[in-house]
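Each of the two complexes below includes chain A, the first together with chain B, the second together with chain C.
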Partner chain A sequence: MSNEKIDVDVEYLTRVEGHGNIKVNASDGQIEKCEWQVIETPRYFESMVVDHSWKELHHITSRICGICSIGHTVASLKATEAAMGIEISKQDELLRKLILHAENMQSHILHVGYLALPDLMGEGSVIPLASSHPEELKTVIRLHRLSNEMSEMVGGRTTHPQRLIPGGFSKIPTEKELTELKNKLRNSFNDLMAVADLCEAKADKFPDFNRETEFISLTNEDEYAFYDGQVRSTDTGIQPVTDYKDITNEFVVNQSTAKFARNNRQSYMVGALARLNNNYDQLSPMAKGVAERFNLKPVNHNPFMNNIAQLVEVVHNVRDSINIIDKLLENGLEPQEEYHEPEIEVKAGRGIGAAEVPRGILFHDYTYNEEGICTAGNCVIPTNQNHANIQQDMEELAPNLINEGKDEDEIELNLEMLVRAYDPCISCSAHHLDVEFVD
Partner chain B sequence: MAKLGVIGIGNTLKGDDGVGVMLVNRLEEEDFSDEVEFHEVGTSGLNIIHYLKDLDKAVIIDALRSEGEPGNSTFFRPNEVDNSIKIRSTHDANLLEAIDLSETLGERPEDIVIMGIIPEDISLRDELSPLLKEKLPELEEKLKGKINSLLEEEGGGFPSS
Partner chain C sequence: MKPKVAFFDFAGCEGDQLQVANLEERLLDLLEIVEIVNFREVISQKSDDYDIAFVEGSIATDHDAERLEEIRGNADILVALGSCAAIGGINSIRNSQDPEKVEERVYGEDADKVEAWDKAKAADAIVDVDHYIYGCPIDKDEFIHVVESLVQGKEPNIPTYPVCVECKMNENVCVFARNGGDKSISSAKREVQVPGSQEVEQGPFCLGPVTRAGCDAKCINEGTTCWGCRGLVDNPNQNAHKKVLDKYGLTVEEVLNKYNLYFGWQQEERKDE
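This part shows the complex of A and B:
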């Protein structure tokens, strides 16, 4: 055991979206302070949506986050559609699933390739990788570009999609575009396996840290759930999405301007590892094959394995996107006019929409009046649901590292890697807290 | 034909943080030659490398955390930035790092000019601060002037920055 003073003070942790700090103080091996702090301008989500029309909400909420703009759009549309009883066609549902796959790939590849790989390679950022591992980096960039192209083809843009609207799509891709995309996806498997090889070669760099926790995600009996389903917890089983407030139980802590969440324990985890733990059997065989290379099986309690779960999901995303395109082409695309506007009967009501987005389960909840104006809104984002789990992990990992005799730099790196493994998107996690902090 | 990209970065839900995006949206409506293309990158950080890839020149507009009067704008090239001074856009996705990456990949446009605008208010609001709103036409004129001067330079023969 160390008898030194340990003072880890990471202000503005790099390679995460937004502003988070890590503070650990220890003396004679005893932790005096261990905090994951989220310090970011609070975002007044609720006030952004109230008084706006049902036609605008998905555009407004897509701007909450540059990385998860598609996921916010989809959850927002689902909430509006649930509130007004709007149904969408099977074709539109398949296209929405396709664009969610695109965003998941986009985000996971960015995280694994640009943000996590430097840790595994012992580099401070992605820039040195361009010199030390140029081919590997080019592979990552090719995959990233493919997912961007896919988002643009279905949504009209790589971020902040324009074509997704209540009731369907204003414009859909052509069969020719879908066929071309399918061929590109097929050709990406070599690149995916190259990234898997690279991660496998560095697998020993993932700390062997296990802390039992609860995992929450959507689940769907028909498929590995991203677009739709019920909420599943490894602790408490399956509940409808409408119970989301009883599941997320957001609360306020002194150290953070973002809300924390808990369900059955002091914390729970959402995201790729949670989805994999809950829905492993529904992964495509190729994705399972990648999971097996890392001995990643449910229920895995090592948060660092979230990086690998992301890689596994990308393989699944590509495989399932090909299946979706096959289905769309098999059925033949139902034509629609260039600027399609579905007929919507506007009515009052409340609707809750949930979707799995790269960092985990996302809920949007809107209430509309008869004119279709939003009178109340709530949004529970994945990163907020993970903060408490990051804190709990840190409280267990920090003393372990001190007891192992690690020096300050090693402790700092391991704690940074822990936070980065969750891929937190802090810039959209810190939204409005309408409370007084207790000193 | 040489391609000039005008790229707006920022979050329009965070007041003046979205000024780059708003400027791009305004200019997009105007009649520029086919050489000019407009992109709104939002806040998705390193994603900008994919937009830079096919350009010969780029103007990137972003809110800038720096000393100075809110509403003031400055044009600079990446090599003019002294890292020790820590000029930084309000997006920690590290614009300069993304430009470095683009260069290392051999995809960097020949010339990149950054237009940095000092924000007054980047709290959550879906419009610009009154000050920036007032300044917007002036900023737009400055940006147009820069686009035109980049277009006028012959054969893309810019000093490499």
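This part shows the complex of A and C:
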């Protein structure tokens, strides 16, 4: 037991997307303050969409987040389509599933390979890996590039995609492009296994920290859900997406410019680990094989294992992308004209769209008038839903670390690793207050 | 000595820094000519000693402004990275909305606690900006071009002509000549008098004639329209693509009044001139 003063003060936590602080004060082993603070400048997207056309909303809300711009685009289009009763073709649905896989791969590889691995390797960043572990780094880069090529091929651009529009796609990939992509995906398994080996060799570096919590994600009878489904909680079972406000219950806390969320307990977790806990049986056999190597089984309550759940999902993404391409090519692609603009009957109404994006379940909710102009919007972002769980974890982990006699630097590193394990996307999560903190 | 480079972010999606990470192997090549000392999204090290600062995101709080001034004080060269920093960008949509309503829509009864400015501003509203990399997101090749130019002490070459020029080189069908698939009325639709007739044409709308080129007309190539993400071409009354505007009976002001996603802050600056 330590009897000294502990003062952890991390301003602008690095290797996460957006701005967050960690503050922990303790003396004589007693915690005086322990806070996960979110300090992002508010951006007001729910207001910015108002008075704009149904044709622009996915373009505007894509800008909530660079890393998950594809997921925001998809959730936005689904909300608009739900509001106006627009149906998309089976082919377009498959292409949307394919691009969600691409984004999930891109984001998870960025997180596991560029942001989390350096901690495991004892380096401050990915850059020193260029000289200390060049082959490993090149493997990670190859996988990252492949997922970006995939996003670009389906969506027209890696970030803020263009081709995804209400009712379908303005342009679709060619059969030749899809065939080439399939071959590249098949050739990527060696690289994926190399990254799994790398993580497995460092598996003892993941802290053994378990705190029981609730996990929420989409679920779908037919597949491991990313594109569509109902909401499933490990505590409260299955509910329709339209109940999202009763599930997310966003609330304001003084330490954060982003809203927090809770359902059945003080907090819940969304993201790769939540999806894996809810839908493990639907993972591809190869993905399950990777999970088994890390003894990752549902329900796993160690947030640090989110990194491994991401790795497992990437394997599943690659496998399922190959299946999707096979389905698309099976009967040949249905051609469409250049600069395709689906016929749409504009209607008044409200629509809610949900999708699983890299960091968890995402909801967009729009109301339109008869002219298709948005009159109200609401977005509930995965990282918002995780903030309260990060806070709860920290409140349990910090005293544990102090009791174990860890010094200030070790406590700081462990708390940083905890937040990074969630892969928070803080700038997306901040559509909230800019408050002064009381010290 | 390799110049020291730092990245900083304000209100934005960090999609421009992501484009730097998306350089993949080319980022390693870039590290041959510069040293990255601050890149919070990717590395843990932090330093106040840097030569070139790239700033991403719009400026919307006092705290943002103080931080930006500090960065300006440390850097020899300050570059606005992406539309939010360079022109105010998508965040400036709210600049034309009633600030009270903006806060209420997002925060409800907690609206009074909000301390952000009524307007999202470009970086050069606060400090001197030496160079601009436009786009939402930025173009990776243009980023490399700017870094290489700065390292060699040269002026980067950023287009001063409109997107239409690049679009025509790509032999796209002009957006204004396409048939819209629907009959809806929205701000994204044009409703123009076809010259020499009484006919009013409905179809997709495009900001290519007034928007700065450099993107290779990416969005039009991909089947949509120009949304204006690279901002207004310098002095639009002179440099807009007159041929396209004349052909479809549009003026620069009509285009700008009709449709505005990225130009909010630039339009205010034009009014002040």
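In this section, the second predicted complex is superposed on the first by the 431 of 439 C-alpha atoms of A that agree within 3 Å, B and C clash if a C-alpha of one lies under 4 Å from a C-alpha of the other, contacts with A are read in each partner's own complex, and residues count from 1 in each chain.
Here is the rule we go by: contacts are C-beta pairs under 8 Å (C-beta built on N, C-alpha and C of every residue); 3 or more make two chains touch, one makes a residue touch a chain.
These figures come from a predicted structure and were not determined experimentally.
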item: Three-chain arrangement built on chain A, chain B and chain C clash or fit; value: clash
item: First (chain B), second (chain C), both or neither touched by A:Val50; value: second
item: Touching partner for A:Ser131 - first (chain B), second (chain C), both, neither; value: first
item: Touched partner set for A:Gly372, first chain B, second chain C, both or neither; value: second
item: Partner chain(s) touched by A:Ser170 [first = chain B, second = chain C, both, neither]; value: second
item: First (chain B), second (chain C), both or neither touched by A:Arg145; value: both
item: First (chain B), second (chain C), both or neither touched by A:His340; value: second
item: Touching partner for A:Cys65 - first (chain B), second (chain C), both, neither; value: both
item: First (chain B), second (chain C), both or neither touched by A:His160; value: both
item: Chain A residues touched - chain C or chain B, whichever exceeds; value: C
item: Shared chain A surface residues [contacts with chain B and with chain C]; value: 12, 14, 17-19, 41-44, 47-48, 60, 63-67, 69, 110, 114, 125-127, 130, 138, 141, 144-145, 148, 157-160, 427, 432
item: Interface residues, chain C side, partner chain A - complex; value: 9-19, 21-22, 24-25, 28, 31, 36, 39-46, 57, 60-61, 63-64, 89-91, 93-94, 97, 101-103, 105-107, 110, 113-116, 120, 136-137, 173, 175, 178, 180-182, 184-189, 204, 218-219, 221-224, 227, 261
item: For the chain B and chain A complex, residues of the former touching the latter; value: 11-14, 40-47, 49-50, 92-93, 97, 100-101, 104-105, 122-124, 126
item: Residues of chain A that touch chain B when the two form their complex; value: 12, 14, 17-19, 41-44, 47-48, 60, 63-67, 69, 110, 114, 125-127, 130-131, 137-138, 141, 144-145, 148, 157-160, 427, 432
item: Parts of chain A lying in touch with chain C, wherever the complex brings them together; value: 12, 14-19, 40-48, 50-56, 59-60, 63-67, 69, 110, 114-115, 118, 124-127, 130, 138, 141, 144-145, 148, 156-160, 162-163, 165, 169-171, 252, 338-346, 371-373, 376, 427-428, 431-436
